[in-house]
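Below: one structure, written as structure tokens.
Each chain gets a letter, A, B, C, D, E and F, in the order it is written, and its residues are counted from 1.
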Amino acid sequence: MKSKLIIPWENRPDGSNDIMWRYSKNPVVGRYDIPSSNSIFNSAVVPFEDGFAGVFRCDNKSVQMNIFAGFSKDGIHWEINHDPIEMVAGNTSMIDSDYKYDPRVCWIEDRYWVTWCNGYHGPTIGIAYTYDFKTFHQCENAFLPFNRNGVLFPEKIDGKYAMLSRPSDNGHTPFGDIYISYSPDMKYWGEHRCVMKVADFTKSAWQCTKIGAGSVPIKTAEGWLLFYHGVINTCNGFRYSMGAALLDLENPDKVLYRSQDYLLAPAAPYELAGDVPNVVFPCAALTDDDKVTVYYGAADTVVGISFGYISEIIEHLKQKSL
Amino acid sequence: MKSKLIIPWENRPDGSNDIMWRYSKNPVVGRYDIPSSNSIFNSAVVPFEDGFAGVFRCDNKSVQMNIFAGFSKDGIHWEINHDPIEMVAGNTSMIDSDYKYDPRVCWIEDRYWVTWCNGYHGPTIGIAYTYDFKTFHQCENAFLPFNRNGVLFPEKIDGKYAMLSRPSDNGHTPFGDIYISYSPDMKYWGEHRCVMKVADFTKSAWQCTKIGAGSVPIKTAEGWLLFYHGVINTCNGFRYSMGAALLDLENPDKVLYRSQDYLLAPAAPYELAGDVPNVVFPCAALTDDDKVTVYYGAADTVVGISFGYISEIIEHLKQKSL
Amino acid sequence: MKSKLIIPWENRPDGSNDIMWRYSKNPVVGRYDIPSSNSIFNSAVVPFEDGFAGVFRCDNKSVQMNIFAGFSKDGIHWEINHDPIEMVAGNTSMIDSDYKYDPRVCWIEDRYWVTWCNGYHGPTIGIAYTYDFKTFHQCENAFLPFNRNGVLFPEKIDGKYAMLSRPSDNGHTPFGDIYISYSPDMKYWGEHRCVMKVADFTKSAWQCTKIGAGSVPIKTAEGWLLFYHGVINTCNGFRYSMGAALLDLENPDKVLYRSQDYLLAPAAPYELAGDVPNVVFPCAALTDDDKVTVYYGAADTVVGISFGYISEIIEHLKQKSL
Amino acid sequence: MKSKLIIPWENRPDGSNDIMWRYSKNPVVGRYDIPSSNSIFNSAVVPFEDGFAGVFRCDNKSVQMNIFAGFSKDGIHWEINHDPIEMVAGNTSMIDSDYKYDPRVCWIEDRYWVTWCNGYHGPTIGIAYTYDFKTFHQCENAFLPFNRNGVLFPEKIDGKYAMLSRPSDNGHTPFGDIYISYSPDMKYWGEHRCVMKVADFTKSAWQCTKIGAGSVPIKTAEGWLLFYHGVINTCNGFRYSMGAALLDLENPDKVLYRSQDYLLAPAAPYELAGDVPNVVFPCAALTDDDKVTVYYGAADTVVGISFGYISEIIEHLKQKSL
Amino acid sequence: MKSKLIIPWENRPDGSNDIMWRYSKNPVVGRYDIPSSNSIFNSAVVPFEDGFAGVFRCDNKSVQMNIFAGFSKDGIHWEINHDPIEMVAGNTSMIDSDYKYDPRVCWIEDRYWVTWCNGYHGPTIGIAYTYDFKTFHQCENAFLPFNRNGVLFPEKIDGKYAMLSRPSDNGHTPFGDIYISYSPDMKYWGEHRCVMKVADFTKSAWQCTKIGAGSVPIKTAEGWLLFYHGVINTCNGFRYSMGAALLDLENPDKVLYRSQDYLLAPAAPYELAGDVPNVVFPCAALTDDDKVTVYYGAADTVVGISFGYISEIIEHLKQKSL
Amino acid sequence: MKSKLIIPWENRPDGSNDIMWRYSKNPVVGRYDIPSSNSIFNSAVVPFEDGFAGVFRCDNKSVQMNIFAGFSKDGIHWEINHDPIEMVAGNTSMIDSDYKYDPRVCWIEDRYWVTWCNGYHGPTIGIAYTYDFKTFHQCENAFLPFNRNGVLFPEKIDGKYAMLSRPSDNGHTPFGDIYISYSPDMKYWGEHRCVMKVADFTKSAWQCTKIGAGSVPIKTAEGWLLFYHGVINTCNGFRYSMGAALLDLENPDKVLYRSQDYLLAPAAPYELAGDVPNVVFPCAALTDDDKVTVYYGAADTVVGISFGYISEIIEHLKQKSL
């Protein structure tokens, strides 16, 4: 889309050896940044025209969950629409939702596809496409309930669309693994395969309760680079951290490497306290050559960003893979 | 398939006003009817050649769950193979299963399709087809985990295969509604719609915890007649009973009538006691003009049959529909 | 009311040392004794005219719970109305119920009072009075939800109506003690006192999970004799047994003696198997001098009776009191 | 009582559009403000003599819960007694409590009535009256256990005292609706009616788990204005927020309008962290013409205040009512 | 002890291929076989003098759990003492118990050792010795709470006493594996090793929830033959079945073979219904050359026996080992 | 060991009446103080050579739990090894662990003994000894799983080693009391006695859910002074606070005095927020005459210290004992 994109960026702080590091001015989106909002978090951004567009989860002061379009020149300062996205019919006429949350956005071929957790008798994966972030065409839900964290691949694989997702239950879901499914047409889905499961408690406890795909996989020479979240169930609740995995380019249900160490875990004040304390939840990534900027929801309240170098992340995965 | 079929039958007992009644010589399949079995129940039968064939859930004495082919001249006396069904590749090469249980069998166009609860990282819906009950071709699982009680329609609807199922979790699942999904090719599935949900406790408590499709829907002039199970969670566990619903012929996600009263609930000794007490679980139905014979698992231990007249059942549904 | 009442009776079986013993022809009411019923149990009877009247819990085949009037000459053979009791307004116009179950009946001064578990945003205690078991006048619910097992005393105490009850929650309630409350007018209730609590597991495990009043207390020279149920939570569910307590005549929140041993626990086939296995649940008692006949629900399915001598029961309580 | 009362007040911050806003110097009572205290929160204040009096929940360093009288000239700076309130007999001699917490205070006719969560075999509603905040006369508990959040109306309704409450269980209670009950004499209670229930998750998720009355209802020309709390059960625990409802003046079980949006939700540091993170719990309100100052417990640790205009709050309710 | 012992025995029924089979006159001990008992089950027998002695779990009608001595000439007809065993001090003065249940008896060198589940701040393993089944000397509890199913080896191993046990929790314990511990003196225990764990659900579901040692291991040329129970958690509760394992003679924490199929599972009426339905719980075995008779509790209500040939059982284990 | 030790110390802040007070520069060990660490907390220190040594729980960025040796001159500035402790065989060859956490260190006679929560089929108590904090000799686990918080006494009692511990389950353990066990040889353990149990909710709620020994008991003229943690289960999770108990010198299962008030409870920012909010968890104490410095884990993230005078603490216990 864009010839040369300037993504948000800040160099690694002096003295830090961290593979990924936070933006010093986090959060980039505050909880009250639109008049109706109680919190803005778990949101997705992509390059768009001469800047960036995004789809944002804004819970309002009734704590109704919905998704909103937003725009930015620099990826840091955002103008988010005050009204949620209104859908028009795509490949279905069934476009009602009880709620929408945790969007991802993915450019494939000629348009942007939005996936989100869609309320249809419980959570499942909603799909819509847009060309302009003004008109959104809602399609059939990908799966039966209950499902969350549906993330598309940015190109077809062996001629078919591919989506990661995490089968769930209808509550807070104390389990969850990442699967891949394929579709010839974005309407019917099959060839479901398990991609990766929670880690053993003794091997990598931060991801021993559930895991879920985060950002749209980034194509690299060595494989699809996926940022994902992992959860540990402490005696005081779920703690969400961020890791990465490298999936095989041709057979993305094959995991080449996967984080044993987390890349980012709740430690900053806006991650430790908020509507849901101790949450780092990646939903999108921007790249500029080797640089990658990951957008993540913090404490289910605000949006933060973090930075890294793709080559370093992959090298790190290779050196300490689960 | 068959010009004139003689199904198992016994007239309504004198003095009974029941819409459906049990076979006086139940159970028709006992728990130890093959050498390896701990229990045989939740099994499906269809007309086949000059008699009947079936796919039986036989848990062995390790309490491993698997499905076995069986044959009968009269639908009452069964020869069940001593070895479980071995699958060959159908539209997929992924034909391993951690376990198989609760089969259904459905003739569509030119072959028999078997669906069952298939163990692939948890329960989901397995699919296979056979022409002869000797060679079974396993296909892609219909859905992501977790799912149970996948039941096919006996003909395509609007050019597509249609399947009922009940999204579940990975345990004993204290919830569950019936959905329908469509497929152009028995490989990719979509257009998921909620068909019917659990009943309100005060309206029909026997089906207030979860429900699941039972037998292959029977095409009648008035709609698809579906036998299904409903569950109430008493202080001493789940109690499974049987009801029926009439679905719209063209839009089977539309429920025309549905049991408020159960048609059969645990009351016979072999239903009240066994590996799981208080279970009546329908999986198949045979018809002969107006007569219908329903096969059901009893107490997760044996197979019983019950009888009724389709016209009476539909009339009953009309008169007392939920 | 009655000069000389002939209650159902059968002498203690030869060789038995049991304080109470079952009727040899139990159950006296079967699960299908009216056309609509799935089960008839947990029901109350009183002397009425030249025989007996009763209020019966009949769950229908939708498993809707309701109460029905019934009549008997001998207390064993019952004619139960096929339609549930219809209420008219008593001291309130709010006479709707989501459900009614587990009735008790108590004669006080000039009329029969019925109490039951009444569905009003959850279970609470419903109250009605009748003179003839034809017209029933529904009154204000005694308490806020959640409550069950409301049992009236057969005369005023210190000028006020008195009711035992068991505060509960909105589910299967894994706890529960017996309280007493008073009312000047059957409309407003107060002076709530704890009467007796569950027993210590090591002292009397059959009543260590919850207890609830059963029959209307019987006035004896030594105190109010109350039959009640106690519950133990085994690894396979709740088990309900019957005990008795003797309450102080003037201060019935004072327990004089109380069963350490149960008087009756599930052991007969109709108590061990049924809709809810392992339930003995007393709801009423008839007396004739020293004889007492206790009506109890069995396995949430049928009604049984058991017999004893009041003097022996009190002596037993004295000798082995908790 | 008071001719002209000067209540704590601070104008709405510049640029704010919030209906209600926090005091900039919150908290007004700190956790260690008396020597024995671990935390002081969920407390009630009223005009008294030439200033204010209050009843404060002070948990001591054994985390025993008790209520303490306190006094203030300005409603901000408080002198709280170092010893808890000692009760004398009111309309009952049963004045022991296992614990006391979450008090409310209400002037009716000639005296102040205090209600609180009283430990009598579990939580129920304790009642006492005082003329001077020195001598407190404890009365009968209003209800059977288990109950919390008992709040009186400041005048009789149709000749009877009226109390809001929330039936509960004996633990952390993952459910709860608001009921009203009436009493002719503050001793016997009846005519229990459900006033308002939790909201549907998709309509107003912040109040979808439980709700409870907060401050004594304020009589306005349009109805009784009630501040209440609502709770959502996140994966990391309960989150308590504040809303308001307008109840019909004559039939206060009729809700005229009710918050869809919360009015105040945990966002300040002293609300996000403390003994129980993420709690805003209103217990009292002072009014001065159109101004209202709401006292609320924050994080089960300290007391904060917030401000608003009654007319604006009512207008807000009308415009966005559940 | 005995030169030639005639143990209870009945040949395999005609036509049966079962490895183990039930006694046709089961149960051998009824629930009311002593005056105080509610149930007699989970009991242990050994050869004694010219017949047999046993220690029986008799729950009384208060459902207090205690152990009783009993005697029999033929192992089938038992005289059980009407009073529970009274302990005298063995190697400790702390001989109080909150309760005693599930005894085992083991002859080592010069005396009989009894182990049982002993109530000391929760369940742990009690130990006592006797020479005559009249005087019992209680010793130190082997372990900290919580533990159940302590079973001694009939001879020292490498100079030390050895005991199997199953660490538990303080409730119904939905988990549990078998460990071995050693002691130089029956007072201090250590060298704890895990012997065998629950089976994978897909391999042997009947033992996938918890397992526990049953009878005293029988020394054979090929190893220690242990009968044990396994549990599956169905939607209607725990189901207990019996299997066997062969442990290495010198290193009994090494499992040579282990049942994949159960040897006996609940199927007889007295196993399917009772105080706890669906329980087969082995506690003792008698041998006569190749014959073995296993005593087991049925439905937590009565005692049954079953038969087999040691050589066949070992052969069966070898052919189908987990 | 040391003639005169200078322990970390800071006088009581002006105006404070607290029995114990925090170091003003807490935390003394930060979460990232070694390169691999995610958090460093729940750690133990002792005098060593001319300064101090310690064993630290450092969870790495995979959230694997392990223990590390560290050294300090002043007890405040620590050099912690970057690699975890490697064990060599002590009195056993079984020295593998699934994980190690929550160490304590105790000097007895001629060496340092380390105890910790050791992963062997679940948590149990691991034991090792060292002379130099370089070579550690791992011994037999003290107990069967499941156990945590094993704390040794610093000298033999009646000729035997003595250890406090808290029997647990295999999860987050919502219960737990402190027991003592004895061993003649650090290999076999017995004579298990219950020392102290959780407090009644109404007496001392901060320790009503579970308690566990903290630091090695300090010998005083009046008894063994033990710092321990207590837990309350709030609606938003477990909250850990610190108290103290005085145990009888000769019979340490006899509690002389015990905290009713906590001595330290989460209130500082680093205690209120972190990986597990609201945790104060004592693991070690240093003494210098009457001064005592307690090391505690804060929020499962960092290490803090607090100060007090032994004489004052004992006096406080005497004046307000549970």
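The definition used in the following text is that contacts are C-beta pairs under 8 Å (C-beta built on N, C-alpha and C of every residue); 3 or more make two chains touch, one makes a residue touch a chain.
Values in this document were obtained by computation on a predicted structure and should not be read as measured data.
Asks: How many steps does it take, at the fewest, to get from chain A to chain F if each step moves to a chain that touches the one before?
Replies: Contact-graph shortest path, chain A to chain F, evaluates to 1.
Asks: Identify the chains adjacent to both chain A and chain D in the sense defined at the top.
Replies: Looking at chain D and chain A together, the chains touching each of them are F.
Asks: Which one of the chains is farthest from chain E, going by Cα centres?
Replies: D
Asks: Overlay chain C and chain E by their C-alpha atoms and let me know the rotation angle in degrees, rounded to the nearest 5.
Replies: The rotation relating chain C to chain E comes to 120 degrees.
Asks: Copies chain D, chain F: same or different interface, half of numbers shared as the threshold?
Replies: On the two sides of the chain F and chain D interface, the residue numbers are mostly different, under half being shared.
Asks: Could you see whether B-C or E-F has the larger number of C-beta contact pairs?
Replies: E-F
Asks: Going by residue numbers, if over half of the contact pairs line up, that's a repeat, so tell me which of A-D, C-D or E-F repeats A-F.
Replies: Most of the contact pairs in A-F are shared with A-D.
Asks: Nearest whole angstrom, what separates the Cα centre of chain A from the Cα centre of chain C?
Replies: Centres of chain A and chain C (C-alpha means) sit 58 Å apart.
Asks: Measuring from the mean C-alpha position of chain A to the mean C-alpha position of chain B, what distance in angstrom results?
Replies: Computed from C-alpha means, the inter-chain centre distance equals 40 Å.
Asks: Could you check chain D for residues that touch two or more other chains and list them?
Replies: Residues 236-237, 273, 277-278 of chain D touch two or more partner chains.
Asks: Could you draw the chains as nodes, link the ones that touch, and say if you get a line, ring, star, complete or other?
Replies: Its topology fits none of the listed shapes; call it other.
Asks: Given the complex with chain D, which residues does chain F contribute to the contact?
Replies: Of all residues in chain F, those touching chain D are 17, 202-206, 232, 234-237, 239, 260-262, 265-267, 269, 272-273, 277-278.
Asks: Spell out the part of chain E that touches chain F in their complex, as residue ranges.
Replies: Result: residues 92, 94, 120-122, 124, 140-147, 165, 167, 169-170, 175, 177, 179, 181-185, 187-194, 197 of chain E touch chain F.
Asks: Spell out the part of chain C that touches chain B in their complex, as residue ranges.
Replies: Where chain C meets chain B, its residues are 31, 35, 38, 59-65, 98-99, 119, 172, 236-238, 273-278, 300.
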